[in-house]
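The same chain A turns up in both complexes below, where it pairs with chain B and then with chain C.
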Partner chain A sequence: MRILVCVKRVPAPGSRINVTPDSLNVDTNHLGFTTSPHEECAVEEAAQIVEQHGGGVTVLTVGPSEAEEQLRYAASVGATAFVLVSNDTGIDWDPQQTADAIIESIAELEADQGQFDLILFGNESADSGGHQVGIRVAVALGRPAVNGIKGIEVGVQGVTARREVDGGYEVYSLEIPAVLGVKEGINLPRYPTMKGRLASKKAEISARETQVAPGAQQRRRLHQPEETVIETEILGTSSDAAPKIVDLLEELGVL
Partner chain B sequence: MAGVYVVVEHDQGQLAPSAGEALTAARRLSDHLNEPVIAVVIGEATTEFVSLCEEHGIPKAVSVLDPQIVDYGPELWGQAMAELFSLTEARVVMATGTDRGNEILAQASARAQIPFVANCINAEFSGAWELTRMQWGGSLLEDVTLDTSSLFISYAHHSVEAEPLAAASATQIESIEMNLDPVLCRSLVQDRVTLSEGTTLSTAAVVVSGGRGVGSAEGFASLEALAGLLSGKVGCSRAVTNNGWRSHADQVGQTGTRIAPDIYIACGISGAIQHWVGAMASKNILAINTDPEANMVTKAGYAVIADLHEVVPAIIAEIERRRGNSTST
Partner chain C sequence: MSEFPSRARCVVIGAGIVGNCLVGHLSDMGWEDIVLLDKGPLPNPGGSTGHASNFIFPCDHSKEIVDLTLESQRQYEKLGLQNTCGGIEVARSEERMEEFKRRMTSAKCWGIPSTLLSPAEVKDLVPFISEDVILGGFYTPSVSAVDSLETGTQMRKKAQEAGHLEVFANTEVIDIETAHGTNKPKITAVLTDKGRIECETVVIACGVWSPRLAEMAGATIPLTPAVHQMADVGPFDVLVETQQELAYPIVRDMDTFCYERQTAGSMEVGSYAHRPILHRVDEIPSNEEAALSPTEMPFTADDFDQQMEEAIELMEFLGDGEIKYAINGLLSLTPDANPVLGPTVEVENLWSAAAVWIKEGPGVGRLVAEWMTDGYPHFTDPHGADIARFYPHQRNVHHIEARCDEHFNKTYGIVHPREQWASRRDVTVGPVKSRTDALDAFYFEAGGWERPHWYESNQDLVDAYGIQGRQHEWDSRWWSPISDAEHLHLRDHVGIVDLSAFQIFEVSGPGVLPYIEHMVVNKCDVAVGGSIYTPVLNPSGGFRSDLTILRLTESRFRIITGAFDGGRDEYWFRHNLPGDGSVQFENRTNAICTLGLWGPKAVEVLATITETDLNQAAFPYGSCQQVLLAGLPTEMFRVSYVGDSGFEIYAAMQHGQALWDAIMEVGGACDLRPVGAAVYGTSGRLEKGYRLMGAELENEYNPVEAGLARPKVKAADFIGKAEYLKARDSDLCAQLCVLSIDDLNCEAGYLRFPMGAGNEPVLSLSGERLVDAKGRVSRVTTAGNAPSVGKYLLMAYLPIEACDRGTKLQVMYQNELYPVTVEATGANLAVFDPDNGRMKA
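The block that comes next holds the complex of A and B.
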């Protein structure tokens, strides 16, 4: 199995997401960065498939040069090849531009090394959440795509994919090559081992430059949603609060 | 280019709970643009679909037919909407931003080569499109503009409340036969598996959740017991699923489940923004936390500042004491 996983570097904010003075970006001054969670699981899933069926996992990201950090992390948890398509404009490309950059890279990677059997995306990125990059790529490549995937089984002919719905799941069976949008919960990503950390240091990252056409969607402003400030009623500071809590539960009619 | 075409989501004929929301949002956009709204069903127009359209005063609906549409399939449905878009010269194609709604619009817009803006909470046009959409699952908003005339838009799920009209009016149904590329049947749903009947985390009236403060998988026993007494479900934070203490199915938040219970009891959860967006639709929140400054505490209507390992057993004991009293009297 040759698998490509497309990931996004995102900040990891805590109790509030602050924006920069020009309102165009998240203020990341005091923030760490991470791989968007759905994609972190996609990398893990690809690593598990390859451990079982052989092959290799290429991880591709479109982002600033700092996104090398996320590619190195992927190297520490089982990925084997790395591509950074740099966008150093300081602002995300719109979904079509991002898809175009990925489509172009896939064309070159496949011309060089052969077709990817599976291309995995996160269901949506944690930050901008445009819900479409993976699908635009799949449509351009003429490959089947299903989103919301929480289980992948590789068979002889292709893959069986489970899609989460409330109270159960739907089953899709797809021939390869296929494109899947994965959701967190499909697996529990491993932590890097000593050996993984070593691999991460040695990983060779292939950097790509690309020219994308101007995007249709222009960001004007990031802002906070309206928040209703609430007065918290403290019911107590020890287990002595129990009667008050149970009074409350009775009042709300849930007992 | 005219008309606001709205996809009415269904699963094998059964309308999605979000269907009324989609029609309400479409009516508003149609008023704003001064263009007609047309409801779209992929497949047969069921009586349930027709009455929903009538309740919303939608004069015209389209039923997209092709014998190959035997079930949901993202590519087949996407292609159908793309073809409908070019056939009708629609101005806007929209849906509610559910998993399927966003998937259909992404497929359709990619095939029609039109921009798609997901999870909007507002859309206006005055020479150019001005939209406000959700980022970070709703923790942050983004204003965007697009210079195009036609657009695919999803409205964030639950951002519009379904508002049927006071008096229903007749809807005229037009069937459009299509001849979709048979290749696209490759991604139709093959099978369905039901894991739990009845209430799920997303529909539970009571959710008792634990975070890192619970300390271990075993620590959840008392939360299970409390949820049991309240006929509720147990939830958790991502710190808990990352530690392997609970399955991801229990995770509340941006990358987990969004809940809307009558009361959310959050034990040992700090209330990070990604957790909060999954919990904020709760009608009441009780935070049990040792830290009075925790975000969960300051955002909750009720809080107890104490060790959850003492408070939760005490709540259970109190409920049992009262129940014991009421059965003995």
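The block that comes next holds the complex of A and C.
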């Protein structure tokens, strides 16, 4: 299997997310960066499929040059080839521009090395959460696509993908090549080993430049909602808390 | 939850290991109205305690640090929260193996059982170690891992249950309020987001946040947040199978500055090898902003790669372990790597208890509580950790960051006792620096000042006196044979010493006599022009300082103290000023420079540039006069710390260079040479048996034991008098002695030279430590050559039964034993010219 996984470098914030003074970005001054969790699962899923069926995992990201960190992380957990499409403007491209950049890269990668059997995206990115890039790429490539995937089985002709719905699963059979949007929970991503981390330092990263079309959506500003302060009152510990709990339940009218 | 208080006696800010232990000890010592605040949640508010590795290697070369560590281990053990698993420091280099001999010496001194191991013996204890990459190990069975969060919780709860303490988590301090106090601002209240607490005393125990809190009150706590990287790697079957948290000794891979510590099925790998990563306090995220906790900053993996490779070299299986957790953990570093404890110098009743490791936390809690309760700690002398030790130029971020950047990678480094700083040099220089530069002075830093230690221009004297070099590189590091040559030249001719680093205070005013009598042991009501050499005591009767006082006029005294003591002494003298304005205190260090001229021809040299009669009859030993020297107004003080006739000469800073030039010009006829502080501070004083603050003089010892008690006690009251009188009436259990080494040959057949760094034990002929009736161990406090008597001398307190002259003992240096003989004991410890005929010639 030849698998492409598209990932995004995103901040790793705490419970409070600050925005920059110009309101255009998340203030990442003291934050580390990570791969969007859905995409981390997509890399893991691809690594597991390749371990089982052979092949290779290419990981592609569109982002600043620092996104090399996320590609090397992918290298440390089993990915084999890496593409960084540079966007050093400091502002994310909009979903269509991002999709265009990815489509252009895919075309070149497939021209060089053959078609990808599977292209995996995270269901949505952890920061902007647009849910769009994967679908736009699939439509442009004319390949079947399903989002929200929490299970992938590779068969002889294609893949079976499972999507969680209330009370059960929807099961999709797709011919390959196909595009899937993977959701956190599909697996438990491995941590890099020390050896994996050290080996990832040697991974070759293919850097690509691209021009994006003008006239896209532009972010005007980020709005930080009022913080809701939740006061937690500890009613007590062990059985001592029981009378207060009863009082509270009575007050709420459930007893 | 109790109602937020509006008043308290004491507010402690910070519920990490230090703050929690401090409130526990304060409660035990009778403090009844304490409030503990932290802006984070409990039990882990998000400071450095929460992510600490929690292991303790008790052996260190510093007595103060070892005392704090052993006391902490005692407290952890008492609470049942210590797991004694043993620990091994492994060496990859010959230099480190040498360092292990030094560690063995320290371990012997402090009574910490330790052994040196071969690689195979290390492997017996740690079967998964690659013994082929190591040369050996230093094994300490009492190395332990502790539960610092639970210890803090229990200490805090003990105080709560006693009804002495209220605790408020998730409470952020917004301001620390002060008002005009006796001599400086004093604490009045702590303002928080939950309300305002009026209080008398505030303790800042906030680790990396401490500088910000201090700044709220207008004070400084000189530390910087710094990164220590660590990663939790695993699981590994070999560890999982043990079904224990710690089945194997903790390993410190000393030459790669890393450690490997089992945590159940995983291994924690930590490093002090990465580039120094210093942060400013404002860069630390809040609890809400932090992805983990505020002091668990995002891991910068690139900085850790080399450490991973080296860890895999030592323990191959680590390479296959998953990195489950990795952080840039924040800890507190200070410019000299010691804690910052005690009352702040800027604000009355504002205390610092910061820059403390887990291994010292409970001990620091007790120490600061004793300090707050009794005026000074009992169980160890804290002068190396006293926050007052820093001078103003050492309290800002430029100095702090420069020094921390320099010493971070020395955390596991081999630091020579005489090692000098490379950064922030040439910041504080005296008026003759251009002249001493021209004479190729080799400078040591003394309290920030550049002080010539020897002069390369005196190289010719080495041949003239036939001074031999030292074979072992360690002994000759930061040392020169020129010093011994300068010493002998001074004894034969005359030498000039740059003493610009002297700390000079003047106190004056109508209330000055009772004030100064109150401050020091010896009688100060002497004639104008008289001098007083005197101990300064703590309330407990132990040494706080020793210094010289000159009576300049009826109502003005000059206090002269050492470059390493000025900060602490200034704090103490200012702190005790009467609040009625009857005494003024001035720090004149930067206004007055000091030159010293000693040797048999000193008077002859100076007589050529003054009309003042310098003969003993007209200008007796111990007196001070105003003298015109080469037309420059000076005060000359006939005194000697080196044992020869001569003077300390004080002049206005702007005249210092002209004075130096004038003396050097006329001194040529007598072969006047510049002489460095190695002679002044070590060989000269050692031959005379003069004591040094911080070496022989510490809080644990009193003037009687130090041989500094005068025949009579003055009538006036003074700090420590009651205890001093008790000491005079008690049977002596130890006394300061001077010893000589009978044979300096080491086992390899060449001469070795103990450093006198404080960690070399004096032992009985059967190799047992000497411990006096008060539990104090005999150790070398100063060591050095005595070229004029042809001996290598040591100073040490010995149990009274071992003090007799001629007693044969041994001293340990670099894990080898050398025979020694007691040379002198009591008040007069001079081995050279014991009758002081030369000084009074």
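Methods note: the second predicted complex is superposed on the first by the 230 of 255 C-alpha atoms of A that agree within 3 Å, B and C clash if a C-alpha of one lies under 4 Å from a C-alpha of the other, contacts with A are read in each partner's own complex, and residues count from 1 in each chain.
We take it that contacts are C-beta pairs under 8 Å (C-beta built on N, C-alpha and C of every residue); 3 or more make two chains touch, one makes a residue touch a chain.
None of the values given here were measured: they were computed from a predicted structure.
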item	value
Contacts of A:29 with chain B and chain C, given as first, second, both or neither	second
Which of chain B and chain C A:107 touches, first, second, both or neither	neither
Partner with the higher number of touched chain A residues, chain C or chain B	B
Partner chain(s) touched by A:14 [first = chain B, second = chain C, both, neither]	both
Which superposed partner A:198 touches (first chain B, second chain C, both, neither)	second
Which superposed partner A:136 touches (first chain B, second chain C, both, neither)	first
Partner chain in contact with A:185 - chain B first, chain C second, else both or neither	first
Chain B and chain C footprints on chain A, overlapping residues	13-16
Complex contacts: residues of chain A adjacent to chain C	12-16, 18, 29-33, 69, 190-195, 197-198, 201
For the chain C and chain A complex, residues of the former touching the latter	233, 283-292, 297-299, 301, 305, 308-309, 311-312, 318-324
Contact footprint of chain B on chain A as seen in their complex	13-17, 19, 26, 37-38, 94-96, 99, 123-124, 126-132, 135-136, 138-140, 144-148, 162-175, 183-185, 188, 216-225, 230, 232-243, 245-246, 248-249, 252-255
Chain B residues within the chain A interface of the complex	72, 74-75, 78, 97, 99, 102-103, 105-107, 109-111, 115-119, 130, 134-148, 154, 186-197, 200, 202-203, 205-206, 229-232, 238, 241-242, 244, 247-249, 251, 254-256, 262-263, 270-274, 276, 284, 286-287, 292, 295, 297-306, 310-311, 313-315, 317-319, 322
